[in-house]
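What follows is a set of structures to go through.
There are two complexes below, and they share subunit A, which is joined by subunit B in the first and by subunit C in the second.
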Partner chain A sequence: MIELRNINKTFKIAKRNAGFREAVKVFFHREYTYVNALNDVSFTINDGEMVGYIGPNGAGKSSTIKIMSGILTPDSGECLINGRTPWKDRVNHVREIGVVFGQRSQLWWDVPVADSFELLKDIYKVDSQVFKKNLDELKELLDLAQIIRTPARQLSLGQRMRCEIAAALLHSPRTLFLDEPTIGLDAVSKIAVRSFIKKINSERKTTVILTTHDMQDIEALTERILLIGKGRILLDGTLSDLQKWSFMGASAEEMVAAVYKEFKI
Partner chain B sequence: MKLYLKYASVILRSLMQYKASFVMSTIGQFLVSFTAFLGVYFMFSRFHSVSGFSYCEVLLCFSVLLTSFSLAECFVRGFDTFSVIISNGEFDRIMVRPRNEILQVLASRIEFSRIGRLLQALLMFAYALPSSEVVWSFDKILTLFFMIIGGFGVFSGLFVIYASLCFFTIEGLEFLNIFTDGGREFGRYPFSVYGEGVLKFFTYIVPLALFQYYPFLYLTGRTDRVIYMLLPLIGLLFIVPCLLFWRIGVRHYKSTGS
Partner chain C sequence: MREYLSFFKIRFSIGLQYRAAAWAGMATQFAWGGMTILLFRAFYQSSQNALPMTMSELSSYIWLQQAFLALYMVWYFDNDIFGSIMSGNIAYELCRPIDIYAMWFTKNMAVRISRAVLRCLPILVFAAFLPAPYNISLPISPAAGLLFIISMILGLLVVVAFSMIIYVSAFYTISPIGIRILATSVLEFFTGAIIPLPFFPQSLQTLMYLLPFASMQSTPFMIYNGYISGERIASAISLQIIWLIILLALGKTLMVRALRKVVVQGG
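After this line comes the complex of A and B, so read on.
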């Protein structure tokens, strides 16, 4: 169960105009602007749900994910995940979640993937039998057997992403956060990743929260959509709710574009 | 602790992928501190004592400092490259793992190449210990031990402060190296050599003298006050405010955009 209530987060950003003179001026007197990354964000996600979290770049998706995973502390508001506040009880909280950042790796660059997995087993204190069971299952589902002996730096992006997802699931988390898991993948890998996420959600009843820019991810995976723009939740509904902002027969991509336009985000 | 060893083994395994680089940087580390040793040597070939300290005494002082510094560097250096950990987003990773952040930062950057410097320090010890005129009674050995532990603590504390500042500035602040690397260079000679002001500064503000100068006086028999022997342990308390500062820093962590 994930509950967010009135979460606010502002970032202080230093501003200056281009040019050397301005750079010198800033040295003595700095002007800041405050950006409301998150503005009164509230939502509830039940156990076992799969939710697509969408919005344009800079809307606050990653910030929300980072707050829910205990990385950032919000300025105000409440967040309860499985009964815990992430930033207050970080260690116990993160034991029950898995996080995949599409643009960042959690594998150790120079050692074979299997070694990374072993280290993760110790970090999360996973029981040996559970670990073996999970690993065998993931190896089969994600087709890892061939690549698990290769150092992470020599994997292709698609192979690496499969390993990343496996790495996030070794400790059987109850909740899985995926931040752009399909970014930069080819069609085959995308489909493989999608079907795997779907399987995990239906078989293990893992709650999945997924941010993406790829509307096909959303179409293929999620019933429920949360739309965020300029730090506010604008819509909480299904794909067909998006439909009404657009013309009939529009693709998901076109619908979202229409919605962005409608809300001026 | 077990986890720390696991991390160490992964890092060693990565190192083995770049053998040549590892060997070269270890030798490099050795040579760098060797030049510092030569500096002391040539100095004393001209002058026979500095502020009443003899060659062997200075050498002893230097080797204590270098040992504690290289130990701190070996194990706590993770904090020195902390600005990199923050700016490449690695700290996000660390935060989503169910272990203490400090342990993870430390374990993710164990610098085995610093063994070169440690080797140098041990060599100097081997040379300075028998040739100094210290009578090695039990309390003297204990003092020496305290000095190294205390030094390790204070240098570690400095590295932690250095790292915590990254939470506010994202980039590291080079001026703090005055205290770490600078402390190492200054600390070749007992701090009293530099005059009253410097000594006071290194006693009350950045307590480097607590493990270097005062117990050293006791070690060489210049004073009988037992409190001087215990001062390095008090210097260890320096780490407490450093860790508090770190806590505040983590709360302020902004992450970097992705």
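After this line comes the complex of A and C, so read on.
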């Protein structure tokens, strides 16, 4: 169970105009602007749900994920995940979640993927039998058997992403946060990743929260959509709820574009 | 503990992979050690005044320094750590049920030890067979040898505890380059890496001994060669322990504060 209530987060950003004179001026007097990354964000997600979290770049998706995974402390508001506040009880909280940041890597660059997995096993103190069972299952579902002994730096993006997702699931987390898991993947890898996420959600009853810009991810995976723009939750509903801002027969992509336009985000 | 041990193992095994770097490093350290000794030899032969260390004490000091360079180099920082702060990859480390301070500490120890293990033996063996007084001699007594090992471990912990503070500073400064350059140029002097501390003017020495930098390589090496002996060993080792506690407490506090207001860079 994930509950966010009235979460606010503001970032302080140093700003200056272009040019040498401005650069010198800033040296003595710095101007800041404040960006409301999250503005009164509230929602509830039940156990076993799969939710697509969408919105344009800079809308606050990643900030929300970071708050939910205990990395970022909000300025105000409450967040309870499985009964814990992530930033107050970080270590116990993160034991029960898995996170994949599509644009980053959690695998050790220089060593075979299997070594990274072993390390994660020790970090999460996963029981050897559970680990073996999970690993065998993930190996089969994500087709990892061939690549697990290769160093991460020699994997293609698609291969690496499959390993990243496996790495996030070795400790059987109750909740899985996926921040753009399909970014940059080819069609085959995308489909493989999608069907895998679906399987994990339905078989293990893992709660999945997924951010993406690829509307096909949303179509293929989620019933429920949370739409965020300029730090506010604008819509909490299903894909068909987006329909009313758009013309009949519009693709998901076109619907979302119409919604962004409508809300001026 | 098991998770930190695994960290140590994985980082250690990565360190051992770089064999070519180890050979190159060894060659550099032989040459550097030899050059330093020749330089001091000229200095000793021309000087009329009494010098603070004997040539034999000095040679042992220099060879130890070269053999264990990897353990005590203050200018070495793990780019992985700076990289993870600057690129925001620290996000993943924050998602693990572990203490980040302890993890980075372990990582640093592993890198330093893995490098030293590959390099120290050939250098020590080679230096032992050089003609006296340019060789490395045995510690002056078995007790001194034992205290040397204790002091060496403490020295390594002090170095790592100190570099942890530099790592944490990257949370505040975004770019760590300035602090690194400062650390490299100034601290090399204060640790005794360039000129052994006894060669500094008397007035400076008292201050230098009290700073944490003397507790890094200078103390263990000076115990080994007998320059620090008797009761002074106890006070030197106590000072190492005091600095270790202060640096650990400071680094840990700064880390906790930094993480509370951390902004993970990038989307």
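Please note the rule applied: the second predicted complex is superposed on the first by the 265 of 265 C-alpha atoms of A that agree within 3 Å, B and C clash if a C-alpha of one lies under 4 Å from a C-alpha of the other, contacts with A are read in each partner's own complex, and residues count from 1 in each chain.
The rule is simple: a contact is a pair of C-beta atoms (placed from the backbone, for glycine too) under 8 Å apart; a residue touches a chain by one contact, two chains touch by 3 or more.
Since this is a predicted model, take the numbers as computed values, not measurements.
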{"item": "Fit or clash - subunit C, subunit B, common subunit A", "value": "clash"}
{"item": "Partner chain(s) touched by A:72 [first = subunit B, second = subunit C, both, neither]", "value": "both"}
{"item": "Which superposed partner A:196 touches (first subunit B, second subunit C, both, neither)", "value": "neither"}
{"item": "Which superposed partner A:90 touches (first subunit B, second subunit C, both, neither)", "value": "both"}
{"item": "Touching partner for A:131 - first (subunit B), second (subunit C), both, neither", "value": "neither"}
{"item": "Set of subunit A residues, in rising order, touched by both subunit B and subunit C", "value": "11, 62, 66, 69-73, 90-92, 94-95, 97, 99, 101, 103-104, 106, 108, 110-111, 115, 118-119, 122-125"}
{"item": "Contacting residues of subunit C [partner subunit A, same complex]", "value": "2-3, 5-7, 10, 13-14, 17, 87-89, 91-92, 94-99, 260-264, 266-267"}
{"item": "Touching residues (chain side subunit A, partner subunit C) in the complex", "value": "11, 57-58, 62, 66, 69-73, 90-92, 94-95, 97, 99, 101, 103-106, 108, 110-111, 115, 118-119, 122-125"}
{"item": "Subunit A residues within the subunit B interface of the complex", "value": "11, 62, 66, 69-73, 90-92, 94-95, 97, 99, 101, 103-104, 106, 108-111, 115-116, 118-119, 122-125, 151, 179"}
{"item": "Subunit B to subunit A touching residues, read off their complex", "value": "2-3, 6-7, 10, 13-14, 17, 89-90, 92-93, 95-100, 251, 253-255, 257-258"}
